[in-house]
């Protein structure tokens, strides 16, 4: 175990996997000499050279499509997209390329690439640099989507993603990079894709959250505890494929659910969680599932406006109280 | 009233609005001389000239962004995107441009553009030409999304969309163009955006459907009627902003709901319908909302495979029976 | 002649061009009879571009093509029977009937693959070339794409990166003068698209797309350059689309006057003339006869093959196994 | 000199460049003190590009810019106080605090607008030019964009359509030699990006981006061309970024050796010298003094302005009014 920042845990995973497998390489904007705007790839160009760590032009659309075919021809590309807000530029490569060929050419090719990006708001980056577009990504067949919150999961899930035979979108959050935590060392620390994590177990209400919202959910649980409400907090970790078993088990116990995601509400990822619970847990529910997500409007810049739209502990706690009322 | 094909109704709406307002113009691939691959703009180039009806290069990404700013500077552009499968190429312009400036520059600009496209499967066009990506579009703040099924609604909603001050995505379906129906003539036939249509009222179960799935829902209702099940079929017509009042009213009456959309299931539009019903109608529900949508995999080409994945009347009827079981 | 095809290669180019032509002619007839499914995009008159270009590459080189890719499929060495089976939606097709005629692939011979998103072939080949460079292989990747595709943004991004990194890739622009129903001048203000290569620091050149020998030579030279580590090349092959955009094209915009001179320059006729001078008329006739036999057998067998049975594709699914 | 700025215009260019410089210097200090929010992108050393180019256009011409747009905002005539108010997130800002420094707009003077998606300005201006052409107006649209933006696909699609339709648009490529932290040669294999204009059938030219008079002239000429119906122009202004990528840039990659010669060619110094010869040192000093007063007042007032109060934006919402 070592105490590390989230960004350092990612860096360690990249270094270990690139050392372990010469077919792994990285490309993206400013990831080389500069080490990435969030310093996740710091030092890697010096260590692995300019062929395996590439600074690129600003060409998200082509780069994503290139990751798809590079992955089908023997390498394991890791593409960094600087902000999740630029994911729309990657959509054709994901929806019409990556999604399709794993099925059409099954048995002929694998597609082991990882697309790392970071989203989320709270620091005044404005409407084009603060979004969480999770539902766009989780809607795409054949593509896995993970979103670790702890440094340990950041490392373990990134290693799992790099070794996975399918495309994996790896969602980071700009407010998580400096988070510190214990991280297991060495090659064998792999966190399986498709398994949720029980952050704290409770009996009254289940709070299912993703990415930084897990931290807000933990804070909400503390607020609820003050009122004697015993909340179970579950970090989904993988958005697709979803760990349905963990969701069912928790709701069977608590009979109340709050779903939290930082993306927009309508057709957002929280909507799918609500619908999945409707499909599989209806009879266990004593109250409707409560959605806590971004209001359906662009993200404003000014502090009082931005902080008003982003989901937080208070909103989550209020939703839990509504569920239990 | 005149009997017309769906494509002819759209053509009439375009002709009337272009005649009425010289700031309306159209651009898109093969829409001019050829009249569009589905012949929706047939004859319009001869009538309105090459400045207002433009054949374009294959540049969906820039064209969508151009529609945004053309709309902000005094024109009412209508952009045709040949297949909904190419919507991923338009996403940056929609999510990072169109969605944002209506809020940021409120009071300074309007954004009256229409993006017409067509989606859906069933005729062997394959994984890259048969998708319904409704949930991508309905997730975007500030953008309206409509999907008419009847020729009358096609005309009335297109006219409403062209006159709307906000961006409107107009979703057609490749299997609807030859559908015939009575269409009111003249300028005053406007179908308001945001209002659902009760196709047939019933008391046992509510079937909410979009686009061509409305026709499958009607067929399902006939199948159900044979078993004495009285289904209410509602054509949502507008995917965003959603007519919540009609949904609530119907479920208050039937206490059972089936939601149908041709897009993928996970994070799909049907998921939002299920979640919206969870949010607003939970106490009225006697059974979980049943989702009928595309299985979460790419659309295959071969007939037996493609027909197996596309939602149809039989699947809808089965879902209704499960809801009532 | 430098990089010229051997006589053996010319025979094979000729044979594959005839296979392609006959494949499409038969499909065209079946389409009229309503026996095919979905639109079919024929490359009649363009066979030399796909066939000769692929013949100039190694089997382990990578190639990708467009919605109009029959000549590339056959040119790269795919089996006619399994091509027909895929187009007819059979279990024995290259994609088990999942793909259809626009999306065929055969990774075992570097055919990855067809693509129905216009422009998608350029980053696809660029990504393969990136993989080749990272793995320090001596392979080459080639994208065959159209004049319409040349106007897509992704073409620009791809060629810029290919030029920047000196990637072993060949951009083969098949200029058949039409993007769907509109002529190239309605899509771009310049006539010779290859001049854009200068903006990407790579050589650009023009070739007669209806001359198989010329096609073979320029592609062979570009491949040699790429293998020498000198990077990408943009080749514009001038040709013409003889059979309309697709089987669903209502036509009416390609005039006979425009088409006549191209019909006279049929690439199969041109290669037949060249070959006759080299191996004699009988040998050339025999190539045609053998090709005819092969294509007839391909249809007979493929049409007897079974349709696939639907199964949900679990790896694409949204829920983890429990 | 043809299309040369009048003395009055040169005074105004000088004044607006100083306003921009001081605006950013003050913001830079406040950023260090933690008094600003989010990253700020300064254009120190590039003021002539945005200011002189905008001054060469009419008030009713359209302009859009990037994340690094202070010189364009001020150059187009936006009010310093409301710019500062927006950057400080106040209700009185151009976007009521909703936009922030990368997304300012003032449609009343054709400033539509800032854009933080790299490359987005090219189709934006092209779309405005399309609107101008459809409405048969004699306006011009201009996109100011960077060397990094020139590598995006959307730049290619936009310039192709602008060239094809002879749209009244000016593509002003502000080559400050860096895209974020990497030099241009890491992003593109060619040094002079303006040569790509040939691929779009439009004139392309290079200009000294630190010389306000030269900047004004080339833009004025391109605007005249556009108004004559002769279409688009690509102008590459060579300049240099003096203050790093943004306030969150950790730096360390721009060497003093690289920067020194550019510091000597400070556009404000160059314009001061030219102007001194024309109107004398005192008049030039007075311009600076007035600009300083204006900018100080802008900050004083803006900082006293109220923050906005949050309200849900109904027109963006997902449900119809009941």
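Labels A, B, C and D are assigned to the chains in the order they are written; within every chain, residues are numbered from 1.
Basically, a residue touches a chain if its C-beta (ideal position, glycine included) is under 8 Å from a C-beta of that chain, and two chains touch if they have at least 3 such contacts.
A quick note: this is a predicted structure, and the numbers were derived from the prediction, not measured.
Counting C-beta pairs in contact, which chain pair has more, B-D or A-D?
Comparing B-D with A-D, the pair joined by more C-beta contacts is B-D.
From the C-alpha centre of subunit B to that of subunit D, how far is it in Å?
One centre to the other, that is 39 Å.
Can you give the whole-Å distance between the Cα centres of subunit B and subunit C?
That gives a centre separation of 36 Å.
Whole-Å distance, subunit C centre to subunit D centre, using C-alpha means?
About 45 Å separates the centre of subunit C from that of subunit D.
Where does subunit B touch two or more other chains at once, residue-wise?
Subunit B, residues with two or more chain partners: 56-57, 59, 61-62, 85-86, 92, 96, 99-100, 103-104, 127-128, 138, 141-142, 240, 242, 266, 296-298, 300.
Quick check: what residues of subunit D touch more than one other chain, meaning two or more?
95, 98-99, 103, 115, 117, 151-154, 157, 160, 164, 186-188, 313, 316-318 - these are the residues of subunit D that touch more than one other chain.
Can the chain contact pattern be summarised as a line, a ring, a star, a complete graph, or none of these (other)?
Basically all the chains touch each other, so complete.
State the interface residues of subunit D toward subunit A in the complex, per the touch definition above.
37-39, 89-90, 93, 95, 97-100, 102-103, 115-119, 148-149, 151-153, 179-182, 186-188, 248, 250, 253, 307-310, 312-313, 316-318
What residues of subunit B sit close enough to touch subunit A in their complex?
Touch residues, subunit B against subunit A: 61, 85-86, 88-89, 91-92, 94-96, 99-100, 103-104, 127-128, 131, 133, 135-136, 138-142, 240, 242, 263-264, 266-272, 274-279, 282, 287-289, 291, 296-298, 300.
For a test of understanding, state which residues of subunit C touch subunit A in their complex under the given definition.
Checking each residue of subunit C against subunit A gives 62, 64, 95-96, 98-99, 103, 105-108, 112-113, 115, 117, 120, 122-128, 130-135, 153-154, 157-158, 160-161, 164-165, 313, 315-322.
Once bound in the complex, which stretches of subunit A touch subunit D?
Listed in rising order, the residues are 29-30, 32-34, 37, 55-59, 61-62, 85-86, 123-129, 265-266, 295-298, 300-305, 308-309.
In the complex formed with subunit C, which residues of subunit D make contact?
Against subunit C, subunit D makes touches at 151-157, 160, 163-164, 186-190, 193, 195-196, 198-202.
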